[in-house]
Amino acid sequence: MISVQRLDAADAQLMLAGARACATEIGVPMCIAITDEGGNLVAFERMDGGKVTSITIAIDKSFTASGAKRATHDYGAASQPGAPAYGIASAIGGRLMVVGGGLPVMVDGACVGGIGVSSGTADQDMQVARAGVDAFLASL
Amino acid sequence: MISVQRLDAADAQLMLAGARACATEIGVPMCIAITDEGGNLVAFERMDGGKVTSITIAIDKSFTASGAKRATHDYGAASQPGAPAYGIASAIGGRLMVVGGGLPVMVDGACVGGIGVSSGTADQDMQVARAGVDAFLASL
Amino acid sequence: MISVQRLDAADAQLMLAGARACATEIGVPMCIAITDEGGNLVAFERMDGGKVTSITIAIDKSFTASGAKRATHDYGAASQPGAPAYGIASAIGGRLMVVGGGLPVMVDGACVGGIGVSSGTADQDMQVARAGVDAFLASL
Amino acid sequence: MISVQRLDAADAQLMLAGARACATEIGVPMCIAITDEGGNLVAFERMDGGKVTSITIAIDKSFTASGAKRATHDYGAASQPGAPAYGIASAIGGRLMVVGGGLPVMVDGACVGGIGVSSGTADQDMQVARAGVDAFLASL
């Protein structure tokens, strides 16, 4: 058997709080999703004003980042026309997200989960996701 | 135009806290989902030990209860063989849940959202969902 | 964070071998799926003569058993007309399997994965799934 | 009626072994899927460390290659903006894969199945898929 470490419910609350604080600071209400290292949802919050379409997008960004152990914006670069991963955006029923805002949570070189943020620009989503990850890493 | 009242993010946190406390008391880690009156997810939490399969089930119970303004267990009774709603369980790609654990949140006769709980028996799920609704109603 | 143990690729091969041997012995070519404790596929084999329809069924039985930490035949009993989980069979887009042949793999009280078998009768599927689990447990 | 030749379970094991050996050699744990000429899954393996998101992607690359009798990277070229197959990547609910790593298995001009590999770069996936096909062809 393999032993793995993954985010627990308390970790997810830390991440939601960190992301929420950043979203409030920049004035963009967000949808924020936290998944474990198997890509399964642990926690989700839609801030007042967060977009309805962003519910699924945030969950799928987190799924992609934790399942692929890779930031979603990396897929954005790799999937441009002519690039090797062109067309990957519609994989897994469209769940594979290539837009920024999904980050894996890496601890000691292993992926323990992910976060996905949506409702702002890709840059804003990435900034808020980063704040969520940082809040968790600061607690270790 | 119509003015509607719906659960906000703070209400959802109250409901999660009430449901979580009840789940802890009965010793069953749960997946808990809160949706607004449009059936759209506001908040979700998988407690440590909550079932992976219950992620979608909790969300869909809440979707059903808020979207249909009706407890999911009412559909359970109405969808038995020979009953008028027989077969409804597979509607909406299987999202329409007829198992107990989904409750609408009614205020002054209007549905303002819903809660869905999964991971225990149907009775346990219903009890925890009830605790979530009560926590919100007590705050009004 | 939580530390969890899960089936690895070598464990999955042991389970496939055990299940395959049993299927050969009873003369029923099977589809056999192994998932980890997050419900994600680790290994799959369709024996020559296994049913095409059973590919998804075997995978979903294993997903259900590992994700819900429960044998699929237990859901069969609990979801009969009039029973509390009636209607659960169409949950998660129909992935929630209530037909026998899906078993969780429990080690020291924790679910580390699952197996799903399909192509025979429910009893045959359960027997072959049991053989797969036993082959793994005997290796510990 | 038509007589067709297709990969059997033993062929699939040869292909998995060939692909696994190559993946180990280049140091990239992969998801590897083998389908028959009908596009139906025969065998699958997620090596320890293979990506969760790559489970479906590997299966769909193999489905695409065997079902269309064409390498998935050929679709990548044909589906660039302005090219005739532009937009094909989202066909079949996103199952039609245009990223490299899916190869048909051709014998005497006929497609007898396919292989799909995912978790590395497109080039690595293609290399490992090639090794899987070669292992089978060498056995003829």
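Chains: A, B, C and D, in written order; residue numbering restarts at 1 for each.
Here, a contact is a pair of C-beta atoms (placed from the backbone, for glycine too) under 8 Å apart; a residue touches a chain by one contact, two chains touch by 3 or more.
What you see is a predicted model; the values in this text were computed from it and never measured.
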Residue numbers at the chain A-chain D contact, same meaning over half shared and different meaning under half, come out as different
Averaging C-alpha coordinates per chain, one finds the centres of chain A and chain B separated by a number of Å equal to 25
Chain centres from averaged Cα atoms put chain B and chain D apart, in whole Å, by 42
Distance in whole angstrom between the CA centres of chain A and chain D is 29
Listed in rising order, chain C residues that touch 2 or more other chains are 2, 8, 38-40
Those chain pairs meeting the touch criterion are A-B, A-C, A-D, B-C, C-D
Chain D partner, complex, touching residues on chain A are 2, 38-39, 63-64, 66-69, 81-82, 84-94, 96
Per the touch rule above, chain A residues touching chain B in the complex are 8-9, 12, 38, 40-48, 52, 55
The chain D residues in contact with chain A across the complex are 48, 51-54, 56-57, 60, 75-76, 79-81, 89-90, 93-94, 97-100, 121-123
In the complex, the residues of chain C that touch chain A are 1-8, 11, 36-40, 107, 112
